[in-house]
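Structures are listed in the sections that come next.
Below are two complexes that have chain A in common, paired first with chain B and then with chain C.
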Partner chain A sequence: MAAPVKRWSCVGKRWVLAYIDGGSRHGRGAAIGFTSRRKRGQSSVAQQPLITAQKSRKGEHEWEAVVGLEIHAQISSNSKLFSGSQVHFAAPPNSLVSFFDASLPGTLPVLNRRCVEAAVMTGLALNCRINKKSLFDRKHYFYADLPAGYQITQQRLPIAVNGSLAYSVCVGKKPSQVSTKTVRIKQIQLEQDSGKSLHDEPRSQTLIDLNRAGVGLLEVVLEPDMSCGEEAASAVRELQLILQALGTSQANMAEGQLRVDANISVHHPGEPLGVRTEVKNLNSARFLAKAIDFEIERQIHELENGRKILNETRSFDYKLGCTMPMRDKEGKQDYRFMPEPNLPPLLLHDTASLPPGADPQQVINIDWIRERLPELPSETREKLIQQYGMLPEHSFALLNEVGLLEFFQNVIKETRAEPKKVTSWVLNIFLGFLKQQNLTVNESPVTPSALAELLNLLDRKAISSSAAKQVFEELWRSKGKTPSQIVSEKKLELMQDQEALERVCHTVMEGHPQVVMDVKRGNPRAINKLMGLVRKATLSRADPTVIKKILERKLSS
Partner chain B sequence: MRARAVKLGLRSWVGWRRGFTSKADPQRSGRVTAEVIEHLERLALVDFGSQEAVARLEKAIAFADRLRAVDTDGVEPLESVLEDRCLYLRSDNVVEGNCAEVLLQNAHRVVEEYFVAPPGNISLPKQDEQEPFSHN
Partner chain C sequence: MLGRTLREVSTALKQGHITPTELCQKCLSLIKKTKFLNAYITVSEEVALKQAEESEKRYKKGHSLGDLDGIPVAVKDNFSTSGIETTCASNILKGYVPPYNATVVQKLLDKGAVLMGKTNLDEFAMGSGSTDGVFGPVKNPWSYSKQYRGKRKQKAHGENEDSNWLITGGSSGGSAAAVAAFTCFAALGSDTGGSTRNPAAHCGVVGFKPSYGLVSRHGLIPLVNSMDVPGILTRCVDDAAIVLGMLAGHDPKDSTTIQDPVKPFTLPTLADVNKLCIGIPKEYLAPELSSEVRSFWSKAANLFESEGAKVIEVSLPHTSYSIICYHVLCTSEVASNMARFDGLEYGHRCDINVSTEAMYAATRREGFNDVVRGRILSGNFFLLKENYENYFIKAQKVRRLIANDFMNVFNSGVDVLLTPTTLSEAVPYLEFIKEDNRTRSAQDDIFTQAVNMAGLPAVSVPVALSNQGLPIGLQFIGRAFCDQQLLTVASWFEKQAQFPVIQLQELMDDFSSDFEIEKLSSVSLKQ
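And then the complex of A and B:
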């Protein structure tokens, strides 16, 4: 076991030097030792405040980290932002490319209505001010996957500004200790995606696929209000859920529909902000927090050792678990922003300002969109808490797994059992089985109806709790059988015959006089022994509470 | 009399212009430095090629600078000559694509329906490595 090592750890908002039991050495290539505990309900590596504040030397070595995010979400639409070619994840290379996407001379951009609506919806859901007039610009840089040599974006006047995003973080060791934080949203803008580069190192060439070139993106810029990897990961997770609820983006990080760049700097509390670095292409929910925390630690380490932080761009190496400077970035980029000459300003309306007699296809009404916004995750959670008396952390867990909420609601519809019981079964047993076998809710062998029937049997006291678990296991293994079938097959029904049960109790008591004496002498655990004996005698087919009542009655007489 | 009035007028106009020129930033002695040229060549991949080209650039900047003489206080800048046009919104339908063969015909090199590019951006050679263009 390694000797205790001093490491920077995040306690609340502050980063303090503290002792960590064991843990790996801090160095290039070593996995940085934040214990990651996979918490149910969080898809990212949750970071723990490792050591209590008492052990750290307050004031001397305190650092505050500042994290801002730029999130690119691919808009869920049939065609691209400025052209009519298809948006699709997997397709033969360069088959979803129009002449405009390939930047052939003489082609012009034509704006996709659906993308504008998606931007407005997202802006409204994030409490932004929607700019009734927004402008398109060109951002110039050279790269093989950007055929035009520039990207059309909205730098001067984006479509939405000044919003906020509320998210939850764990503040203690218990899952129930959550607090809500807010991060300000600087702006949301529409922009084009670039193509894909496949690097072929051995042959010293890059293969370019332009299928993705021109796909509409929403860039969401979060102000540097976050202070560590966990906060950033939670904010991104909540944004993901919002985008999915709105339908504006599928926001699947694995498929590249959601990409995150982080801007990170550290400083002493009370002093001005430090030099920031940009960590690009954080495309995995799991490694987002890890990468950010590594960079924070790296910066603290450099500064503590008297070195300076360079304002540079870095990328995260997943295998090594560390950030490295990106090659091919020479100095600060000058993007030579200029207005996009081929596109007039984008004008949006509200009900009051709708031009009369306008073609509805050519006009976008912000009020109309606002009225039709779907329910947001925070609303859904609140409803669950109000309607079912659920704990907040359970509502988070239900929304965190694709399809789980729907499953839960379908079970509730068909069962008489108490919502709390359903919640417990869905989140503990059902989800547990799914995770064990790495299945999604859609792949579950147990249907909501089956679980509902099982819970009904349990509610009616037709079977015991342990029998129910057995039935569930059997349901999981063998498809097609109903819970009732399994119960009768395995003879798991609870004994309903009160008299027979009394007889069994009587027999057990007669057979174990010593235990009976123990109970009468006041030994509290002895009754459990009796209960255990009765349970064995009935082959676990009796309700424990009824057994206890009968025994207590007999013992007191 | 008229000639003198004209001369006065001309001198005041020249003085006004000179005064205006010196009011502008120090870079604007009329010269564009070699540093700026190198930066522009790198950014835009243009090749100024000769001192005459740089001189032409300087003249063009001076010509455009005359715009600054106009008083634009309280006037909204013109961002686009299209500002009075309606931005056409297209319906979200798939109407293009599926022409990989045609597009790949334009490519210099192709590997299995992918365009082929060098492994990264090829940096321009640094100033001292470049061929110095002829100074007049």
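And then the complex of A and C:
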């Protein structure tokens, strides 16, 4: 095993060089790497952008990629899966560790009811069959951040099986061309998270933080129904939204609450699936897509050069944009699964099977949970489309940012402006400002009420739309002011005074006899020039339609 | 006073004939006096005296916590005790001071019991002799009894007596010796394949293994989670019932304990055995069974029959597969349970720090004895993907068949099974170590171990002395969660058997006043 692994790592390093030699830091690492190699006459593939590359090839050179995912979502719960320790992100190291979490001898697991409910909710939301009886197993391996030497998981009989997840991907260039796909869900299992290892290389020490050890995880296994990085990333994104809507996981990838392992293989159409590799610990949607696409291309490249794909575990180096074999996963792992003897089978009930007189604290009723499921993202989007005549891609955009939908709905509540106007302002201007300054919706200096008021001013034509943008900028800068205050301070209200406008128009025409002549000679664009001059003279405070009317009247008289 | 039963001394405490502190001090002196037995790994003298003092205050105020208040007890050193070193007789846990009490320990303390110390065992309770712990073997108090020494003098003259001391059996040999040598009135053992009953039989005390799930395992450092139960060692069945009453019941920290509330145990006196049906499993008539034990076994059966009970031969057809099946299941769970001892969080850690893996390997090599390492190795072999079906799954199926054997017998109307506890009486240490731990465990667990597979309650009751003057015990096995019925029958039998009190006068001259030694009462089952 050691030799081939070494060869892989060499290949990886050469790509690293190729990437830097390639001289460009703007393109995709993988493609550049291949391009560079092609220049040296070693490769003839993958000159094209990644995803289309597989599809555009014909005949025997055609490849199909198959991608399956294992997603670990940290359950949002007060305490850990089998102990009473609190669950917090970024607490001081080893401050949230019970005797059980540190695997003190003699301690026993006690299942957290909240985690079971979260698993059932998630299973129901993902159209799974909930197993009324599920079992816990021990999965053994030695690692410094796994104090017991085994992880308690559900290998034989998981809590939920056979579900599905619908997600959307863009098919064409335009964002409006959205296509819905479905990935099957093999199973959802409850299991323990491990602790964290911090490697202090200079002192050759490993520091262990057990705060995360024993936190409940939902492992969601997606069947290999996806074919590229973008599909996988979209599926993960949709799952993330579902988990957040359910409240079963905060699913924040940056905080490690959602971690993805991808299984990837390539094969010729009509032939059996190829040998797969596993890329582990992908912690952002962007890296997930990149890592998968890189890995697909790497496998195709290897196979086309007569080499073999090893069934191995790889990690993604986000700085270099490539996958590498994982050193500590070398060799054959035998997890020596065994039933967890300290936990009796987990029994769930539905209303029909509920034992009479059962203590509600001791039983979990699947039907009861089903009735109380919150609205799922797909339903929310459908409602938006129905209620506001929104475009599907806008409904996606609204749900994609945490808190954006709520912001939108709050604006809608307080404004007379049309929903389409509100959508446009929220998605284009508001979101644009947030993105530019890298803020979340909650951190926005502009409140929904302020935006609603601004849109009201616009709606009753008290200000022009370009003035509205100015007001918005001012709102963003100076917290606490209302749009009306800004409008009056900056004198941005539309000039309603007809006589004054007439006077301005008159002055402009007098000052530009040549342009007036042009209009009269029949140049249709000349009137626009006059309008521009009037707007300038009014500091954009005039309604363009009104100006046009006045000018037309004056010119024809 | 020290020779009395728990109930008797409890009465004495309540009546003020002795104070808890006096009682505790007497026991502490005796522990020191009998230090050579090696029954205790840790004597928690200070804690014990403090607890006794508090108990004394309660008695003075009339706020006694019940039958256990002020009673000296001992706990096997594989139960977690807060602030008191807990070693499992292993290098790997030397110096480990747990921050919490096992539920059973906490319950004893809550009832006012006085914890004298932690008793010796085979490393991680793996053994049947209490000879394989890092603190050395436990010596059987009967080695020094008048009864045994008298017999030996008749036989062999001039032999060095000290080198001929006997093993206690195991793995709870320290607890059995502690109770037998009067250093405490009850002790906790653990029982995975007979570890409470076997040493009880060899030391002439009562060893009770409750139904699986009746008593919490939280804080019991596991050998085989699916078979372990805390065991109770006492001088009589009634005492075992008292202790069980204090320990039994649901524990939110152990998900395998029963949910139903357990009613307080009060052992009724059985007037007669007319309505009883006693089963004698024919498969337990093993060729290795000593003729003496066999003879006491049949005498006991005859006694029940003559007193009106129905005694029938029954069959437990899968008995012969039990030991090998146990071997697979036990070592597999051992391999898993021992994985946590890596030197990182607690316990021994080696000096090697080349890599994490090298540190693990050296730590575990230094920390575990050959027996533990051997079981880890076999267990991991059985759990390998390619072996799992052929070994672990098959063993689980056989386990079910063994459990069904018992179910069938009990469903056919049998109330209690009567069997030997051990093949013979205790053997000298030098004899015992001629065979390795694995062979010994396989031989010695033969009558006790199937019970753990089925999770049933069982109790070993001392019956009589052998020709050599050594105790012999018989085992009663009951229906699951019919522990009370089992103990009721055992108690009736105990009264008929009239097992003699161990005579240790020579050993404890200073204590002669404390032992109101009765004359060796007539033993109804004497050969």
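By our rule, the second predicted complex is superposed on the first by the 463 of 557 C-alpha atoms of A that agree within 3 Å, B and C clash if a C-alpha of one lies under 4 Å from a C-alpha of the other, contacts with A are read in each partner's own complex, and residues count from 1 in each chain.
Assume a residue touches a chain if its C-beta (ideal position, glycine included) is under 8 Å from a C-beta of that chain, and two chains touch if they have at least 3 such contacts.
Every value quoted in this text rests on a predicted model; they were computed, and no experiment measured them.
Participant: Just to be sure I read the superposition right, which of the two partners does A:His199 touch: chain B = first, chain C = second, or both, or neither?
Facilitator: first
Participant: Check the residue A:Arg138 against both partner chains and state whether it touches chain B (first), chain C (second), both, or neither.
Facilitator: second
Participant: Classify the contacts of A:Asn365 with the two partner chains as first (chain B alone), second (chain C alone), both, or neither.
Facilitator: So A:Asn365 meets neither chain B nor chain C here.
Participant: A:Ala148 in the overlay: touching chain B, chain C, both, or neither? Say first, second, both or neither.
Facilitator: Second partner only.
Participant: Go through the superposed model and pick first if A:Asp334 touches only chain B, second if only chain C, both, or neither.
Facilitator: both
Participant: Touching A:Ala102 in the superposition: chain B (first), chain C (second), both, neither?
Facilitator: both
Participant: In the superposed arrangement, does A:Asn400 touch chain B (first), chain C (second), both or neither?
Facilitator: neither
Participant: Count the residues of chain A touched by chain B and by chain C, then name the partner with the higher count.
Facilitator: So, of the two partners, B touches more residues of chain A.
Participant: Now for A:Pro93: first (chain B), second (chain C), both, or neither, which partner does it touch?
Facilitator: A:Pro93 contacts chain B only, not chain C.
Participant: Classify the contacts of A:Ile208 with the two partner chains as first (chain B alone), second (chain C alone), both, or neither.
Facilitator: both
Participant: Return the residues of chain A at which the contacts from chain B and from chain C coincide.
Facilitator: Shared contact residues on chain A (touching chain B in one complex, chain C in the other): 99, 102, 104, 110-111, 140, 142, 144, 204, 206, 208, 334, 336, 341-344, 362.
Participant: Write out the stretch or stretches of chain B touching chain A in their complex.
Facilitator: 39, 43-45, 79-80, 82-100, 103-104, 106, 111-121, 123
Participant: Show which residues of chain A lie in contact with chain B when the two form their complex.
Facilitator: Per the touch definition, chain A meets chain B at residues 77-79, 83-86, 92-100, 102, 104, 110-116, 135, 140, 142-144, 156, 197-201, 204-210, 327-328, 330, 334, 336, 339, 341-347, 361-362, 364.
Participant: So in the complex, which bits of chain A are touching chain C?
Facilitator: 99, 102-111, 138, 140, 142, 144, 147-150, 204, 206, 208, 334, 336-338, 341-344, 362
Participant: Residues of chain C touching chain A in their complex?
Facilitator: Where chain C meets chain A, its residues are 79-80, 86, 88, 93, 96, 98-100, 102, 217-222, 224-226, 252-256, 259, 332-333, 335-336, 338-342, 344-346, 353, 356-357, 360, 380, 383-385, 388, 392.
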